[in-house]
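In what comes next, subunit A is part of two complexes: it sits with subunit B in the first one and with subunit C in the second one.
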Partner chain A sequence: MMRLWRKLAAILVVYWARALEYRIVILIWILATTVPLVMMGVWMQLASTGDIGGYSRGDFIAYYMANLLLLHLVSTWHGPELSRHIRQGELNPLLLKPFHPLWIYALRPLPTKPLRLPIFLPPIILVAWLVPGVHYDLRPITWLALGIAMAVAYAITFLAQTALALLAFWMAQAEPLIVLWFHLRMLFSGYLVPIALFPESVTRLLFWLPFRYTLSLPLEIITGKLPQGEWLPALGMGLAWVAFFYGVTWLLWRAGVRAYTAVGA
Partner chain B sequence: MVEVVRRYGRLWWLFLLNSLAVELEYRAAMISESVLALSRLGWQLAGIWVFFVHRERIGTWTLWEAAVVLGLFIFFDGLIEAFFRPNMEAIIEHIRTGTLDFVLLKPVDAQFLATVRWVRFRHFGDMLAGMGLIAYALLRLRRTPPLWGLVSLWALMLAAAVILYSILLVLVTLAFWFVDVTNIIELVWSVYEAGRVPVDAFPDVVRVVLTFIIPIAFITTVPAEALLGRVTPTFASLSLFMATISLAISTGFWRYALRHYTSASS
Partner chain C sequence: MHPGEPVIQVDRLKRYYRVHHRRPGMWGALVSFFHREYTYVRAVDDISFSLEAGEIVGFLGPNGAGKTTTLKVLSGLLYPTAGRVSVLGFEPFRREKDFLKQITLVMGQKNQLIWDLPAADTFLLNKEIYEIPDDEYRATLAELDELLELGPLMTKQVRKLSLGERMKCELAAALLHRPRVLFLDEPTIGLDVTMQAKIREFIAEYNRRHGATILLTSHYMADVTALCERVIIIHHGRLIYDGPLQTLAERTAPYKVLTITFRSPVPREVLQNLGHVVQYEALRVTLHVPREETAKRAAQLLAQAQVEDVTIEDPPIEEVIATIFREKEAG
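Showing the complex of A and B:
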């Protein structure tokens, strides 16, 4: 076990060095993500005549500013690459590594995460300090729940994408399915709009689907929009989805490696 | 002059045929991209629809009026992916590896050769989806665009395409100095995303910035106003003016960069 930890730490160190090398490239990906700001602008204007679905102007600002940072912290976009690696045989060398190859895909994005903090935290703190009505729930218990919710979100985005990408063991066109997942996630994860603002039936349905737990839940917690009594059921539902996608990924991997013909070998 | 236009027209035709031949090797990608164009339309439309669950209008726009703006946004998104992105990415790769020399050596204007060489037909689905949304929205509004609107629409859309081309050309030209920043053109999204809603849905300051500093308003809002028959001649001509200015600035910047280009290998 100890030895596995050491290996995983080595992966993190390698990709930390890479993240530093490619910091400008990463910065550009960050700056290119402005959809939350666009949505924030429109909601701010709409809310200037009164609250909308329980969200005031300040609430919208708090929500979308946190959204900008959290999206980057809890997301991975490795799916298309993994499916390409399978299709083109670039998975082959990874199969020889002394640990499960999926660890690389799971850990690789993590070292790039701290790079986002100096970009997003100063504006968030500044806005929360200067703009009236922008509040975050900063109690210690909230930080704990936020941490768990973020881990759950990362696990679901990672596992769901991996499961879809592993379909590349059997089919040539797995990438479009992953893009389809991205589209659904953008709409239903709270990235575009707080899910409380959908018609009530949709919001209720989203409790049962995985998307809310990939971004919205940590946002609801840190902005104080989710009553504390509802944290546990929501986190439980999120964990159930983690277990589900873990099971699917495990099964697909086991069957897939057997079907794999290792192109190029 | 006529001779030059004929020559470049013929060249472009050959580029198109050649791109099509390449693209036909990826038929499955063409099909899946078309399906994705529909799902992209779906989430984007749902995203603005939520505004109208709570309010009648954003800015002065009702749901289906705003859908015309979104349709234009999706259309130009497809245009970027089909016509601009493949070329801009190729230029960055040329600069990085030094193969831009071969482009410069050809007896054709380098900017022309470098920026219109490739077309990715698989993204035509997005352009069609955008057009479809516009047509459906106009149908829902029971509004026939006025003749003056339709005529100005073409000029305004041409102006919009020129503005987008200019923004991308400036970004790509920056690659002459920032050679390692291979994804620099992604920065276009950081401003273009604002075009998915009418500019007057934003607070006033933002609207002014998006009209006069980064002319995003002229890409989606102004052509949509033409279709809905409420564009003023002043704004229509301002749009053409902005396009001319943008093209002049970006072309000047590109030429300036070329003069200082020292190649990667030699």
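Showing the complex of A and C:
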């Protein structure tokens, strides 16, 4: 176990160093993700005359400000790269190491996550402090639930994208499927619109689908929109999706390495 | 692995690929969209060989002969279509940890170094991934530094290194865990002559110090003649020669090369009676003569002309191998 931790730590250290090599690119990439701010503006305007679907003007601000940071913390975009590595044989050096290659893909994005905090956290704190009606649930139990919900969100995002990328073992182009997943996630994860604002039948359906657990659940928890009594069933469903995608990824990997053609010199 | 068992054992290995074909142009693309045509390419087709501990063997063949495919099967990257493969007593395609810790595959054109960081960072990552104890890591790195003259290269960003410098760091990254079996695929490709010689010296020294078993492919015959006593030649996925490099020419080239310097010019017709004239200059001539009649023809030459100097050699190994491939192509 100790050895595993040492390996994981080594990967994090190396990719932390790599992340710092790209400081300007990271900054641009972070600042380019302004969609939640635009959405916030739209909903603030609409909510100026009264609550919409249980969301006040302050609720929308709290939601989209947290959204801005959480999306970065729980997302990964390794799928297209993994799929390209499979197709072009660049997986070879990783397959030759006595360590599962997917660990590398899972850990690589993590060191860049803390770089988001100094950019997004100060404005979130400032807005919560200065703008009336903006509230977050900051009880210790909420932080614990938020931590679990964020881990679940990252795990589902990582595993679902990995499973789709692994189809590159058999398909010439797995990227369109990853892009399709991305769009569905953007639509149904609460990134654009809080899912409580969908028609009730859709909101009920989204409880059973994976998208809510990739972003909305941590947002619902930290903004206090989900009653504490509903945390456990929601986290349970999120964990069930983690188990499902883990199983699918495991099966695809096992079959995929047998089909691998390791192209290229 | 049982004592006395070969380190590498390949028994009737086959590896086929399914390849998609389509005609060029828009119409070809449209047809292919609705109806895919596939063929099977027999990249490796029923080959068997084995390597004993500490051997350096040259694995030769033209492009597309199946060399790299074989190395990929031996290192566990590819699943064999048929046949049995054993390396250090392991079945490579299972990619067990204990197997991967004892082998390495170096490919001249693909690299494991992290492009944007100094090589030293990849070395540290490998140290943890291969579970190399601190003392052993320091000792191995010092040894690799001495043999490859890594020095300041280790702290320079990989993308800022020249091809040769990068290859040195690639070799170091691939050997930090002191593998017992090395698969080297074109390790000197694209390097200048001096760097090629350095890499060759390094491989020979690593083999001497650690008794590693090495299977090497290279298009540079200088690599092969400097390092390998034995060669395995494959063509279209089939094994066509497995034996000492020295006897390759004897067995496969039916002629010897006579290079003669005359004191005075000799008419071409005279020389044509003795052998095949390959090069004809005023006083210097190169002849190919039947191997079994070399002594007789040389004696005739000395009797018929005023010779200042004569050398009798086997044909260059490149020529021998090229001849073998040409003959195989011609069927």
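Definition applied: the second predicted complex is superposed on the first by the 264 of 265 C-alpha atoms of A that agree within 3 Å, B and C clash if a C-alpha of one lies under 4 Å from a C-alpha of the other, contacts with A are read in each partner's own complex, and residues count from 1 in each chain.
As a working rule, a contact is a pair of C-beta atoms (placed from the backbone, for glycine too) under 8 Å apart; a residue touches a chain by one contact, two chains touch by 3 or more.
All of these numbers come straight from a predicted model, not from anything done at the bench.
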{"item": "Clash-or-fit label for the pair subunit B, subunit C on subunit A", "value": "fit"}
{"item": "Partner chain in contact with A:45 - subunit B first, subunit C second, else both or neither", "value": "first"}
{"item": "Which superposed partner A:10 touches (first subunit B, second subunit C, both, neither)", "value": "second"}
{"item": "Partner chain in contact with A:118 - subunit B first, subunit C second, else both or neither", "value": "neither"}
{"item": "Subunit B versus subunit C as contact partner of A:198, first or second or both or neither", "value": "first"}
{"item": "Which of subunit B and subunit C A:24 touches, first, second, both or neither", "value": "first"}
{"item": "Partner chain in contact with A:90 - subunit B first, subunit C second, else both or neither", "value": "second"}
{"item": "Partner chain in contact with A:260 - subunit B first, subunit C second, else both or neither", "value": "second"}
{"item": "Partner chain(s) touched by A:140 [first = subunit B, second = subunit C, both, neither]", "value": "neither"}
{"item": "After fitting on chain A: smallest Cα gap, subunit B-subunit C, Å", "value": "7"}
{"item": "Subunit C-contacting residues of subunit A that also contact subunit B", "value": "none"}
{"item": "Complex contacts: residues of subunit C adjacent to subunit A", "value": "17, 68, 72, 75-79, 93, 95, 97-98, 100-101, 103-105, 107-112, 114, 116-117, 121-122, 124-131, 185-186"}
{"item": "Subunit C-touching residues of subunit A, taken from the complex the two chains share", "value": "3, 6-7, 9-11, 13-14, 17-18, 21-22, 89-90, 92-93, 95-99, 257-262, 264-265"}
{"item": "Complex contact set, residues of subunit A against subunit B", "value": "24-25, 28-29, 31-35, 38-39, 41-46, 52-53, 172-173, 175-176, 179-180, 183-184, 186-187, 192-193, 197-199"}
{"item": "Of all residues in subunit B, those that touch subunit A in their complex", "value": "28-29, 32-33, 35-36, 39-40, 42-43, 46-47, 50-51, 53-55, 58-59, 178, 180-184, 186-191, 193-194, 196-197, 201-203, 206"}
